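In the two complexes below, subunit A is the common chain; its partner is subunit B in one and subunit C in the other.
And then the complex of A and B:
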């Protein structure tokens, strides 16, 4: 009998994963800046990219974007569509794969996910359990294809706290939320459901995901 | 027994956090004081200077077998001048945590360790919106919050923690 991948894998350190995920938004902004610099004729003053990064290496053309600092988040591109779409796409492909990984185990137990409500429950329970070791706190639907999922303490943004106060924290946290939006859209897409997912921060760090699908149930 | 102030210095010798507690006679007055007001003052620079010198001298006082043992055995923990005692903890990453109290408090190593291992790690390192390198080039001074720990989570949590100690006042 072959061993199951999900049963044999060892745990990933949670701190490590959280720190890695926090790099998502800065990296996306840097990629955008790099792309803009290379298209404009005046820019492209960055150091040779093959050199190893030092403590005083500029990571992008954003002013004072040095390792260990968060100045890159002050970039005007923070809420740029290109940046957020890149994050969302990242989540989307993660969601597509995650659905596969979680579902091949489920098929043996005989339960079938046919109803869209079952699929939403799958997102709330299995997907969230796999990603954040907790379930969604609330699931609501208007039975016309719109679903509202609430996580009262969303892990990805839970520890964010900007020195500039709560408004700045909220503005920057919103960019991070494109990742779970993409994940949910990816999961639903693997069931053949086209959807439109947006997230809002109701009272920090509680997050509400609004999912619009074309399916009437 | 009283705690007067709390400092954090980073490895570039900058004071990245400075909390001064004002103790008034009447009740309900605890918790007042100043946050990050005197980071560049002479007092904080001199405090850093004393600590740095004492640390360097103390490292040379006793010779142990290995270098690592010497460092542990000779680590500066506190020093007293008049009625004040400065408690000192340096992390392996060369962050320096300092609490200034009166001389009735003998040892605050556990408290300093908790400030570092719980509150600093949680609110600064795990906080994606807070820098962990506070050194800034000189042309980047227009922003007041840069170069210091000024996120509200860190300030409120450490304040609560320190004020909950029985020897705070």
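And then the complex of A and C:
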């Protein structure tokens, strides 16, 4: 049988991941805007979907949101619940599938994951290594279901920089962090564990993930 | 027919027709009985009695919910064309077999969580044996039932007829590869982006996610390939 991709591929393609992230956030914002506008006012005159998009086509109702620009991130809906929920849900479905595939690869090497601490170690070591080619820097727990994962140089946002200064960078990077939150929640959910994952930027580009589960150990 | 062919014939007719040594998915014409004799002789001459066929494959979720079951080697009608007016006895036999495999899968669940098998799996994980994770759960009605549990809690149960007379590491490795192939097939279906996996909206969707014809054909292909090994 020909080489199976499940047996050969071991890392997530970094370029694909970056491209996905680049498209994910603006698309979520634009979708929210579209939904917002169609319910409130009587349909803003956005570009007709059958016309080809040109360089000066407004993509959404955000000011100056033209193709190839990042002005969409100036939107007031940037940290809207709906947008972040959508991004997090993408991460969630990604996490579910990623967990299954990575566990298949670990059948020969790793031991079984029995308790929640093993699962968190699996996230810190294998998942992070597969996604970002480095492991999580710190894992803390209070042994009562809360875990704190620290990545001192988070790859997805370390290259982000806004010309308006660090505050603007922080505000805009926060949105992107919902994707890995969803991934972690998806991985935990594939083990049958309900959880609540949030992330915060402690000092750019260090990121802290707070995970609350209902497990008491 | 050679000498070794003659004694093989009465054995073949006594066992239920579904457990012929060749995968009985093809139609049963006159030629197939000749084929079975030939394959018996060739098997004996090669001295590799791989006369096992897979009877069923089933998946059970981590919450002990049945996800999927497919059975093989069901009796087909004697006419070569698909005959909708097959005799009722064949349908009843197929239904009985299917029910039996369902029961066997349920029995497998008990063994999975029994302390005896847990300790056995513990031992297996310590010894670096190639067949770790795959357990012969039990043997019932000439069907050996093997089980395999992934790290995620997904349980795969496979029933193989004509339990092996030898249990060398060779056949163990083959069974382990079989389970890995089945798991890969499952992974491909899971990773399908058109599946609504794990959405909170529709919990029921998770249970039917494997009930697609593509999955059926893929599993069937794996089974046929393993049967021919």
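Worth pointing out:
In the analysis below, the second predicted complex is superposed on the first by the 194 of 217 C-alpha atoms of A that agree within 3 Å, B and C clash if a C-alpha of one lies under 4 Å from a C-alpha of the other, contacts with A are read in each partner's own complex, and residues count from 1 in each chain.
Everything that follows uses one rule, which is that a contact is a pair of C-beta atoms (placed from the backbone, for glycine too) under 8 Å apart; a residue touches a chain by one contact, two chains touch by 3 or more.
None of these values were measured; they are calculated from a predicted model.
Within the superposed three-chain model, A:69 lies in touch with subunit B and out of touch with subunit C [touch as defined at top]. Contacts of A:138 after superposition on the shared chain: neither subunit B nor subunit C is touched.
Contacts of A:22 after superposition: subunit B is touched, whereas subunit C is not reached.
With both structures placed on the common chain, the touch criterion links A:191 to subunit C but leaves subunit B unconnected. Of the two partner chains placed by the overlay, only subunit B lies in contact with A:161; subunit C stays clear of it. In the superposition on chain A, A:53 makes contact with neither subunit B nor subunit C.
Of the two partner chains placed by superposition, only subunit C is touched by A:100; subunit B is not. Put simply, subunit C touches subunit A in their complex at residues 62-63, 125, 133, 150-153, 180, 183-184, 187-188, 190-191, 197-199.
Against subunit A, the residues of subunit B that register as touching in their complex are 122-123, 126-133, 136-137, 140, 145-146, 148-154. In the complex of the two chains, the subunit A residues touching subunit C come out as 4, 6, 92-93, 96-97, 99-101, 103-104, 106-107, 110-113, 186, 189-192.
Residues 15, 18-19, 22, 25, 55, 63-64, 66-71, 73, 159-166, 168-169, 172, 176 of subunit A are the ones touching subunit B in the complex.
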